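Read through the structure below, which is laid out as structure tokens, and then see the notes.
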């Protein structure tokens, strides 16, 4: 686990390095997904990813809304860089756990596909 | 309230001017969210915004579908430029009111965050 | 019906040619919507389209999830190029039929709007 400043360039560099060195199959970020001026994790993640997974973001917002209406405002994204999946979670510990729970069941299959299995 | 032609460049200029002069905390557009060749409000809004709020758009479509299946076709977006929130509403008066009602409860918090409060 | 390799440039060229010659009002693609390295139909479609229809993609994922949770991972998009609607369907025959069924009722109206009717 690492802690980073709200600096999109630093976040982007770190995401790319973690993915491209094969150091991580799954990168979970927390925080920086709101609408404030310093919230830029989704932008860095979008830039880092070769492919976005909009359904993951939709599902996290949809499940989050069952707990708090403000989950609608989350700009969290998820995507793929090479064989690495990157998922943004919100900054509050409870919100991060809830978002992760919403998508956890999908990750084994997704990681397996990226690991080499064929998938249409 | 202002009325504009379906000219994306003119809409973009006006959105930027309204936001950057601090003249508006919230800009609501109506119309131009459909799939026709002259519908370009979402493109102008996307260009004007520093950050998009996809959950707002998803929620407006989801609530809209409860009234009319065609709400699926709405391309309305919402986003943030500086401290200003911009939300596209559909062109029909009834649709505009319904879309606004779907998200109205979220706006005070969002505007408060942009006004300076810290939010993760 | 045509079969193409998983080559984004070839898919893009073909989508553009089909749309711009007026050969098709509606183009349905199947396959290449997953998260694997060779899945690039959504990227080609996004590039080909002048306007995206995110509500169509959301609806296909939402309906798909009722059958299989993995539908969340679909990156299928839909959009408009000129007067042609392009919709990505998944590669599995059953998934393609289910996705198409989810949106079929919307297409006559959408095609009518593109054919000249005015729509806000």
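The first chain written gets the first letter, and so on, giving A, B and C; residue counts start at 1 in each chain.
In this section, contacts are C-beta pairs under 8 Å (C-beta built on N, C-alpha and C of every residue); 3 or more make two chains touch, one makes a residue touch a chain.
Because the structure is a prediction, the values reported are computed rather than measured.
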Interface numbering overlap (same over half, different under half) for chain A and chain B: different
Magnitude of the superposing rotation for chain A and chain C (Cα, nearest 5°): 120
Centre-to-centre distance between chain B and chain A (centres being mean Cα positions), rounded to whole Å: 25
Where chain A touches two or more other chains, by residue: 54, 58
Residues of chain C that touch chain A when the two form their complex: 31-37, 39, 42-43, 54, 57-58, 61, 69-75, 90-92
Footprint of chain A on chain B - complex, ascending: 51-56, 58-59, 80, 103, 105-106, 109-110, 113-114, 117-120
